[in-house]
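To keep things simple, chains are lettered A, B, C and D as they appear, and every chain counts its residues starting from 1.
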Amino acid sequence: MIAPAPSGPATLADFEQAATQEHLVPLWTVRRRLAGAEPYLWRWPHVRQRILQAADLVPLGGQGAERRVLLMLNPGLPADRTATTETLLASVQLIHGREMAPSHRHTAAALRFVMEGQGACTVVNGQPVSMDVGDLVLTPGWCWHGHFSEHEEPMIWMDGLDAPLLRSLAAMMGEEFPTPDRKQPLTAARDDSLELYGAGVLQPIDRPAGQLNSPLLSYPWQQTEDRLNRLAERDGSPFDGLALQYTNPTTGGPVLPTIDCWIQMLRRGEHTQAHRHTGGVIYNVARGAGWSVINGQRFDWSAGDVFCVPGRAWHEHANASAFEPAILFSINDSPVLRPLGLYREEPYQDNGGRQAVTSTFV
Amino acid sequence: MIAPAPSGPATLADFEQAATQEHLVPLWTVRRRLAGAEPYLWRWPHVRQRILQAADLVPLGGQGAERRVLLMLNPGLPADRTATTETLLASVQLIHGREMAPSHRHTAAALRFVMEGQGACTVVNGQPVSMDVGDLVLTPGWCWHGHFSEHEEPMIWMDGLDAPLLRSLAAMMGEEFPTPDRKQPLTAARDDSLELYGAGVLQPIDRPAGQLNSPLLSYPWQQTEDRLNRLAERDGSPFDGLALQYTNPTTGGPVLPTIDCWIQMLRRGEHTQAHRHTGGVIYNVARGAGWSVINGQRFDWSAGDVFCVPGRAWHEHANASAFEPAILFSINDSPVLRPLGLYREEPYQDNGGRQAVTSTFV
Amino acid sequence: MIAPAPSGPATLADFEQAATQEHLVPLWTVRRRLAGAEPYLWRWPHVRQRILQAADLVPLGGQGAERRVLLMLNPGLPADRTATTETLLASVQLIHGREMAPSHRHTAAALRFVMEGQGACTVVNGQPVSMDVGDLVLTPGWCWHGHFSEHEEPMIWMDGLDAPLLRSLAAMMGEEFPTPDRKQPLTAARDDSLELYGAGVLQPIDRPAGQLNSPLLSYPWQQTEDRLNRLAERDGSPFDGLALQYTNPTTGGPVLPTIDCWIQMLRRGEHTQAHRHTGGVIYNVARGAGWSVINGQRFDWSAGDVFCVPGRAWHEHANASAFEPAILFSINDSPVLRPLGLYREEPYQDNGGRQAVTSTFV
Amino acid sequence: MIAPAPSGPATLADFEQAATQEHLVPLWTVRRRLAGAEPYLWRWPHVRQRILQAADLVPLGGQGAERRVLLMLNPGLPADRTATTETLLASVQLIHGREMAPSHRHTAAALRFVMEGQGACTVVNGQPVSMDVGDLVLTPGWCWHGHFSEHEEPMIWMDGLDAPLLRSLAAMMGEEFPTPDRKQPLTAARDDSLELYGAGVLQPIDRPAGQLNSPLLSYPWQQTEDRLNRLAERDGSPFDGLALQYTNPTTGGPVLPTIDCWIQMLRRGEHTQAHRHTGGVIYNVARGAGWSVINGQRFDWSAGDVFCVPGRAWHEHANASAFEPAILFSINDSPVLRPLGLYREEPYQDNGGRQAVTSTFV
């Protein structure tokens, strides 16, 4: 039989303090955590200026920085989370002409969406992958990767990583490429994965099947834009306009096990309906200008801006132009949520499916 | 306790006869079945002549034939199996200019590989799918399908079906389209699936995921040939040359749950090594001329010929030309065997990987 | 342009004959195959008498039979199919006291449901597996297996195999155990798989996950009967009474990739409703007496009888007793049909869900 | 061409400060986060005393606490993570005799491992589930659940939740049961899931297949202990002794999509070898006494103690008794890591597989 408690602290407050110090925290004293990712927008002219300043001030490699990167940290999350949404991290990176970023690898998966410049290249496990504006380039988890430039000009891109998720899972590990110059030997032909797997429905019979990570490492802008234009007259999604998923040719699913990548076109004058879902999203405005309404707050954006929609925030998108399409590249963590039964989606029912705007982000 | 047998037939022979008549067949009287699919080849000039004769003699639809089709039945299998390999059936079909083959559906999946002519169209669940020489067109199981011609000329194609497998599974069912004219109303834009899903790695976000049957119904020759040419200098497979799989964009796997479709190029002068595997294969020579050695027998082939390699037969392929590639389209049943743990493969070890030729098919 | 046909046979009949001889069979001459598995019943008193006669007449091993087995061949299928339903084969087997059936293996999967006697044992890949009346014992594909008796008495069981399916897939292969005496050395403890995996929900952490074949080789009658009795008051299925599936503990699914095994209890006086589905079923009456109505024909059965229901045949079951349960063991091929999208099921709508009986099987 | 940067902050330090304030944090200023879960141990006599004190001081329900729970928060993690390992949370809970904890549900999955007392019951979606010492009881995500006592005595158990993971995924949601008394109506028989699914290898044919969450809600101690005793002489794992996984009968895998539950026996005098793996583990000492060495630090434990091993920490276990077994219940997050390709394991190679002890936890 359970005995009565030995005499302890005289008051509840004393008890709570004592127990808490012993790492036995009374549940009823825990405040519901209010902190969480917020909607936020980073404007391109400003981000661009800052990364160009960093380009002047910070050398790369050797005694300099491992990467010349500015992290877009969500103001609603503790700084030590180093995150843009709960699970994803966006940053902007610049590499100078003729510069080289040393090779390393980490369990975190990464991708690049190229924003400006020319002539850079990412080396993934010995394979040089070309980078041009609008291209999506993958460096799946635990692949060796570095960057170099073959041109006079700098290049700027947005990085997307699942590092916050991996830290949440205590699964973040990494190492430097084990040669003094930290330069991978080039062991595959340039853009070999694009050549082999890039044309989609016809695939080599001897490829590995059902790979978690796409063996296709690069999705060039030209084919992306062609597809959008080709399907521009389709109905698309009421919440996302004409939206396409970049797919892993060995599974028909997301390109990375933790990150799903999308490209979506808001057609001339298109204004979508609002919905919400679990899982945060980071957007990069690839073309045009418009606005999104996130939990009643209006975020105006134009090309190069990056903004985030936290999980379960109501959101809708609008193209500001009646003449030109607007195009959004985005990344989300639904591949993690779905197999756990945690992905949920809900349309906004009131007001014809559109939110009332109660404030504007400045 | 088990009692001794009541007195029965005096001799073993009497017993065997009596039991057999009672559908209780003694195992030791059953001869190992020697019958099985044989390697065989149907020559195009002759097949073409026969189907043209049928075109003169047999009307289509109404009181005529449901389909103007000649079945390529394997001489090694009982006629009632109606099969080219144990699980697959190939046939040749002709539709006259301006003719219509009435719509029906069946649980068997079918595909067409177009051989000659122009202007025909397959309607699949209300969607018209264009047909040109070299195109692969799918009609997955239980989809309504019919054919019509919009041109003066006839068209000839090879059909591939899993009907023998479905009969083995007692799962063959079918029905006629339920209108007097048996003509499907056209409810989708022409080649709509090609438009939506044909470009491979970028796919609509609202497509169904992980479909058994490819939602993409058509794989045009032009893109097939482009891929082959583009990858022509690759190593490819030692047994199959440069071989590509037609894939289902929602899974990255076979286009049909029961049939895998391949296109393979034997480069100038290429002669592959021999191997064998479970699962039969039916080949259609799309381009060029050469020969295959199947269980030591040489089969010379040229464009339009159809030949089959039974499961577990040793086989190797050779291009007869030092100047032109040879291209083989083929279908196999490995998607059925693999998930059951029944797919096995073995390289030919002796003689440098090539069989001694002991006879020639004439 | 497709040229007119060269002059050929003058009449359609001549053409059809000529083409057929060339293995180019006109589709319109092919009669819909009427042959197919039929409902049939093998009565235990008679089957038992026959196998006891065989026990007197046929020696086992060496110069005798490999197995003392009588095959229950479906009268509706061609004899060369060697099948009870399109994909499954049932047979009855007897082993004398102190006898040994030599070891072999084959790609076909097999199972035993023990009917009478005691003291026999199946050796599966070196592991002796006990056999008692009502036990289900598995020998998955390509496992070495033989039988021996440790007792004076003979034992009789029903075998179930997927051999007809494997022949349909041209995937039937086999070999003898490679020692002169064809006796496997015993390398595992007796009933080791039962000890390790038999208790279901708690499983060793180092077991292989997601195995096609159950690593558990034996499902003893005692636990089977206990489960049935324990759940006897549950509603169960309207078509099958209280029906349980034997499961593979590594997947929660069927025990073999090609064969699903069931045990079902018809409670006192229970008479189920009729339904039909693709996939044939072979039943073994484990306890009691009753009848099934299959496509309007009544089949009366009692303990030890074996009967089959072909795919797509309407069927319902009734327990003849108001005092005792009737128990049916059965095997079906739904694990093959389901992943191919070929499993379909339909309840009988008319007449309160029960068929009119139009004849009786005698 | 990318223009030179407009003039900005004069020094790197100024730049870093300015950018950081703009939520554009220079990567090179981010210190590698040193914080992470630490090995820690909560001693049962003390935990028990504290929860008994809470029992005196804190009323349950209504104006009192929702649950009388003390959270075991890892001292190495920020308090706002509310976590025992990065993804899992353990706590101790007490319910008084005749008391009721109101019903609620949340997306987080939970389980209880009962430590002391008798007569309590968890209601899961209307089904009362009995609780006795040593039982494992599941409340999968989004199931309504409450607790009540039918006895005079209190009951104490350990809770395990995936709440830290769900907060990391921004997927934590919850709601109260929508009646004034927050008491679920009882709509299923007591321990119904145990009756239906608890016997493992024979499962109802009409159960749902492949469920993420186990439909079996309760794993009674008696069967757990029986299995351990039955398999006690087996080799087991070099790192974990005789270890069994609680399994979901519909998949053969973990009982919850995010939490794997184990029971393991260290046999008389057993001392395992060290290894490490990604994914943290929380242990509850169910029987006996012994110690674990975690990253060189010795943690002595006895029955009722709770301790955690963070991901990637070397660990080995020892039973202190030469006469009695020690039994550990544990939970880990490997079901989340494995499908993402993030589960890794490594044996300790030096020193015969055992760590040198450099300190002792007090």
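As a convention for this text, contacts are C-beta pairs under 8 Å (C-beta built on N, C-alpha and C of every residue); 3 or more make two chains touch, one makes a residue touch a chain.
Bear in mind that the values here come from a model prediction, so they are computed numbers and not experimental data.
**Student:** Among the remaining chains, which ones contact both chain C and chain D?
**Tutor:** In this structure, no chain contacts chain D and also chain C.
**Student:** Just the number, please: Cα centre separation of chain A and chain D in whole Å.
**Tutor:** 30
**Student:** Can you work out the whole-Å distance between the CA centroids of chain B and chain D?
**Tutor:** Here the centre of chain D sits 53 Å away from the centre of chain B.
**Student:** Which residues belonging to chain B are in contact with no fewer than two other chains?
**Tutor:** none
**Student:** Viewed as a graph of touching chains, is the assembly arranged as a line, ring, star, complete set, or other?
**Tutor:** ring
**Student:** Please output the residues of chain D touching chain A within their complex, sorted ascending.
**Tutor:** Against chain A, the touching part of chain D is residues 1-6, 8-9, 11-12, 15, 18-19, 22-28, 30, 33, 35-37, 40, 42, 46-47, 49-50, 52-58, 65-75, 78-80, 82, 85-87, 91-92, 107, 116-117, 141, 153-156, 164-171, 173, 212-213, 257-258, 278-280, 310-312, 333, 336-337, 339-342.
**Student:** Per the contact definition, I'd like the list of chain B residues that touch chain A in the complex.
**Tutor:** Residue list for chain B touching chain A: 195-206, 209-210, 216, 219, 223-224, 226-227, 230-231, 234, 236-237, 240, 243-253, 262-263.
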